[in-house]
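Have a look at these structures, which come just after this line.
Each of the next two complexes has subunit A plus one more chain, namely subunit B in the first and subunit C in the second.
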Partner chain A sequence: MIGFFAKRLAYLVFTMLVVSFIIYTISEFTPGDVARKILGPFATKNQVELLTEEMGLNRPVFIRYFEWVGQTLSGDLGYSTRYKTEVNNIIWGRLYNTMILASIAFAIIVPASILFGIVAGMAEASKLDRTISVASIVTTSVPEFASGVFLSWIFVIWLGILPGTSTLDTGAGWSIASQLVLPVAVMVLYDLGYVIRMVRASMVEVMMRPYIRTAVLKGLRFREVILKHAVRNAMIAPFTVILLQINYLVTGVVVVEAVFAYPGFGRMMLEGALSQDIAIIEAGALFAVLIAVVTQIVGDFGYMLLNPRIRFS
Partner chain B sequence: MSEDIKKIHPYLPTLVNQLRAGKVDRREFLRTSTLLGLSATAAYTLAGCDEKQEEQQSSTTEEAPAATTTTTETQQAAAPTDNVIRIGMRVPALEDPATFSWVYDSNVTRQVCDYLTRTGVDNVTRPWLLEKWEASPDLKTWTLTLKKGIKWSNGDELVADHAIWNLTRWLDEKVGSSVVGLMKGYMLTEYDTGQKDDAGNPKMGTKLWADNAIEKVDDYTIRLNCKEAQLAVPEHLFHYPALILHPSENGKFGVNAIGTGAFTLTELEVGKKAVLKKRDGYWGKAPAVDSIEFIDLGDDPAASVSALASKQIQGLYEASVSQFAALQKMDHITIYQVSTGQTAVARMQPIHDTWKDPRVRKAMRLAIDSEKVLQAAHLGLGSPGEHHHVCPIHPEYAKLDFMKQDIEGAKKLLADAGMPNGFETEIFCKKDPDWEPQAVQVMAEMWKQIGVNVKINVLPSDQYWEIWNVETAPFAFTTWTHRPLGVMVLGLAYRTGVPWNESFYSNPKFDETLTRAEGILDVEERRKVMVELEQIMQEDGPIVQPLWRAVFTGMDKRIQGFQIHPTYYLFCEEWSLTA
Partner chain C sequence: MTTDVRNFGATRPRDGKLARLLRRIALLRESPVGMIGAGLVLFWILVAILAPLISPYDPNANDFEIARDWYPSARHWLGTDNQSRDLLSRIIWGSRTVLIVAPTAVGCAYVIGCLMGLLAGYYRGWVDLVVMRISDIILSFPVIILYMIIIANFGPSAFNIILAVTFIAAPQITRIVRGLTLELRERDYVAAAKMRGESAWYIMLVEILPNARGPLIVDACLRMGYTTIAIGVLGFLGLGLPPPDPDWGGMVKDSYALMSTYPLMSIIPCMAISSLVVGFNLLADGIREIGLRD
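Let's look at the complex of A and B:
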């Protein structure tokens, strides 16, 4: 098991290095001038050149990259040209905000998807199965920006019972909880259907297995067949899928955060990218890779625990 | 009276006579006389109108608020318990106001620090931290006198040294202020730094053109000795980065920064919010609201509309065309609108073969139906462009015959230029705000009618501003903000070799005529020269100008005293909130 984790850790470090280098290189060749972005369009060419020199941006990309790696290893994530402060002063708060959103959404998505997936998969092609399947496809097919606007129209403009944005500012009288309802709803609607479909497919497959038929024929109650034999086996494949949703919920909710003006990680990354803020982009990418690889490792580990036929190797 | 005002500037008595003879209208008189140093109050008295009323009329509302002015006492009596106004606006880093790139950057700092002058919504510039200014007859020497007794929030008195420190800093190219672009022509000179660029050419720097370019006369008086005549010095002092900071803070701005303004910045979280609290000891009229909060709602127009609908904010810094219909449907919102000199031009760079021939450039103009572009892209809010970048609200605007769409005429010009079958080209434009790509799309359809197929390359705003004034973008659609005078815009955008000449247009006759116009104080006389300039622009110029924008925003009806400024500047100390 130690070997397993050591290998995965090495894989994690290697991935982060490769990704960080690729991003650094890509940003080097992205059209645009960082100094021009800082000074604005109306600064003269001389002014832009002076700032470029002052910031050391005219040095070779390799030197700047290795300098950045050294700083990062010592815990210094660099200086954000967009936010005009240390990245450490920005990223943790933004990650925390997104984690709140992600945790609530995850806490709803997991039990709801398992419940609906199992119920649909238990009786394939029944009315209930079809209803759940169609609803899942519809919600997953509607893009987040569309469901965001649609829900806002109903609950903000028409009914007036929820705030239209989630700035996490309570000054206008809307509680933080009320501000989280719509973004969480959009994330759940978008992601729930996909996980339900996965659980359902796995459940359908398990329900057709000989051991389920045997259990039914030996006279076990249907409830016991489902809970004791079907569910555990049906959850092996969706387990990995569910864990991978953490990835989306933490690093992939850019649209939701933009639609609801939520000060989270996704919006920070979007603004960093638009401003060519290399420190923000690099730091954000490292966290995104970290989350992706860690969830993958946890997924592999959990998969092995659930399925004894797979061994640590 | 005549002798008195002659002391202020020798041209003023002539201007008064012109007003009385009906040769200049009241608005033109106010603008020019205040520019020449006459106090706004005196100018309004001479013009026989009420200053406050005139200013309010300049900013119109779709539905007039119940009461736009009340006394501070009445406002405070009617103020709600939560006497806070929240405005939706981007909250950027505010570290160094001298380097601000956008108006919204300055809107937070503007509540804490002041300008030397203020251009009102009526397009008239008045002294603000200044008591008065005086211009020499040749417009090369400007004497600026500070108001006495203005206290900074730390108790210091505002003196000439403070203003000089700021002026000098803005003009130091190492600081990176866009004030350099405005004042370079008359305050700075280029020098060889002794270094070479990659191509081996000498690297040039800029410095004050003379040691006494900025001169301290006494503790309250500064003299600007300019290299060239300049009519618009007071307007330039109202450029958004030209905020007067306390020298002890070395140009840095942040929470609890020292200022002369009505508010103190108490909280700043970039990308989230900025909170300003009313401060004691403000030298002007005390604000009626306790606090102003700017809430960052990002760039998604839907987020701002939702926030207004749920009353999380009471107003928007600016509204876009896509938000207009939604704002109209909100009962608690008043839409404020003002005609401006804001526009966008499809500029062609004659340094490239495609745009070298003036007949081709004129054909591109003749292909455009400006009225239709205005309707399709900007809901008809504004007025059609006339392809010369002088706006009907500019005092020296000269009305020419309207340049109507003429497809046959345009085709003939192309044929004469050796392109009877038209050509293919590419135009760059910004993605935001949405009316810009829409206007380009509409124009591209019109250009098709003369055989010119234009591929549209829509860039994110940040990327667009990288290429707006470079030679690698021969054809591009650029927005230009409001400037109070027509000659200001032409001088900034089309004079040979100036930093913001994005089209690299160079026409000695245009330059000579423009210089002549800039030296004429008499608006009527200047207008005659403007006819020539506008004609040059229409016949030879490098732009297609489809529209003039009316800008607008939405504010809660509870907000009193708000007037929309043509450049979206916010002056929150004038506002109050009813219960």
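Let's look at the complex of A and C:
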């Protein structure tokens, strides 16, 4: 167990180092110098050179990279040129907003996907299974901005019962809560189908196992076979997949946040990327990868706990 | 060397390659879902090919005579966008953009992914270790953030989108091909080829890769769907192809703010891109289903 954690932790550190180096070099070495990106297209050549000198940008990349790592580790994430403030002042609030959105969506996706996946996988190729499968293919095929447009058209323009933007600026109670409905709906629509298919596939596989046939043949009620024998085993494989959705929900919501002007992490990354704000891009990407790697490790660990064949080996 | 079990020892003479391919495609009839998918994809491919013939206007021409009447009319069936450019023509030409960029990007990703996967699975050892570590690291990036970093730094262009898709998809393909290679390299026909003294490249490309095609065709089809979404999303975020050429995601971005008065401007490109992706995904499902039955 300790060996498992040590190995995983080493992997985490290694990945973070490599990833941060890639992000750092991509941001600093692509067309246009850093100083130019900070000063914008209208700065004179002289100004660019001055800033390059001042920020020490003409020193070797390795030295600068390690300096940057040191700074980041000490909690200094740099200065955002887009928001004209320290990255620390902006990133935490944005992450918090995105977490709200992500946790509501997650709380809907998990039970819904388990329910639909099991019902579909219980009777492979039945009418219900076909319907659920095709519906989940179709909903995941619609890009988030498209479902955002469709839903806004129905609920905002046509019925006029929900707000079209979710800036969270004004109001309290329902007027704030109502702003979350459409973004969450888009995230659930886009992500749910994928998870349903994973749960279904696992359920289909379990239903073909000999122990299910034995359970049916020894006269157990179908309900009992499903709930006691099938579901428990069918949930082991999709566990990791379900956990990995946290990644999408926290860092993949760029589009949803852009559609509804939601002040979250994704929109911060987009605004940073569009205005070539290196500090925001670097810090945001680090967080995104950190979340990705940590969920992966938690997923592996949970899988180990859930699966007796691995737990006892 | 493919082993066609059904034809093995049959008295009927073996048909040509083309006939066999056609028969395989005809199998799709048995999957209604797959047929719908194939229909949607085929529809957009035809639209893209025939674009110069069926498009009523130049997609980038502004019709100044209609003033600001952007609603559908006899002159512009679907209306125009907010620069008085014919919406139907832009949708038609936009299909060309997607159907050129997406297959090119997926193709590039496949060339690299297959090579890496074959090398890792065939040689194993340190080659495997290095290749898999690199792809693990790329895979640990959230996809959309990676797209944004690449496009924001290299600038938006068709070439850079292809580059970004290749960079992101190749490691995923590598994983799949590696897994298949690990399994196929133990087969008898590989051993036979080795004994004949065939080179490693011959074994990888002629013996292993063609026999891995089943899952790869399904994956390629799904990947076309993802890539279409990615191109649309980048366009919508303002990181897509530079104007004025039409691209569906970019069309939604330009018109989204006007949705309360001109909903069609956003809805129609959204329907176009959704139908194409639904087509790819249903087609993949149909192919997978038929593959299972074989």
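By our rule, the second predicted complex is superposed on the first by the 274 of 313 C-alpha atoms of A that agree within 3 Å, B and C clash if a C-alpha of one lies under 4 Å from a C-alpha of the other, contacts with A are read in each partner's own complex, and residues count from 1 in each chain.
Throughout what follows, a residue touches a chain if its C-beta (ideal position, glycine included) is under 8 Å from a C-beta of that chain, and two chains touch if they have at least 3 such contacts.
Source: prediction; values computed, not measured.
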{"item": "First (subunit B), second (subunit C), both or neither touched by A:Q276", "value": "both"}
{"item": "First, second, both or neither for A:F62, with subunit B first and subunit C second", "value": "neither"}
{"item": "Contacts of A:N46 with subunit B and subunit C, given as first, second, both or neither", "value": "first"}
{"item": "Contacts of A:M268 with subunit B and subunit C, given as first, second, both or neither", "value": "first"}
{"item": "Which superposed partner A:T85 touches (first subunit B, second subunit C, both, neither)", "value": "first"}
{"item": "Partner chain(s) touched by A:V149 [first = subunit B, second = subunit C, both, neither]", "value": "both"}
{"item": "Touched partner set for A:T251, first subunit B, second subunit C, both or neither", "value": "second"}
{"item": "Contacts of A:L162 with subunit B and subunit C, given as first, second, both or neither", "value": "first"}
{"item": "First (subunit B), second (subunit C), both or neither touched by A:Y211", "value": "neither"}
{"item": "Intersection of subunit A interface sets (partners subunit B, subunit C)", "value": "31, 149, 152, 156-157, 164, 258-259, 274, 276"}
{"item": "Contact set on subunit B toward subunit A in their complex", "value": "84, 86, 93, 95, 99-102, 173-174, 176-178, 180-181, 184, 203-206, 270-273, 293, 295-300, 302-303, 305-313, 460-463, 465-469, 499-500"}
{"item": "Partner subunit B, residues of subunit A touching it in the complex", "value": "31-33, 36-47, 49-51, 82-85, 90, 148-149, 152, 156-157, 160, 162-165, 167-169, 171-174, 258-261, 263, 267-268, 271, 274-276"}
{"item": "Contacting residues of subunit A [partner subunit C, same complex]", "value": "15, 18-19, 22-23, 26-27, 30-31, 130, 133-134, 137-138, 140-146, 149-150, 152-153, 156-157, 164, 247-248, 251-252, 254-255, 258-259, 266, 269-270, 272-274, 276, 281, 284-285, 288-289, 291-293, 296"}
{"item": "Subunit A-facing residues of subunit C, complex", "value": "33, 136-137, 140-145, 148-155, 225, 229, 232-233, 236-239, 249, 252, 256, 259-260, 263, 266-267, 270-271, 273-274, 277-278, 280-282, 285"}
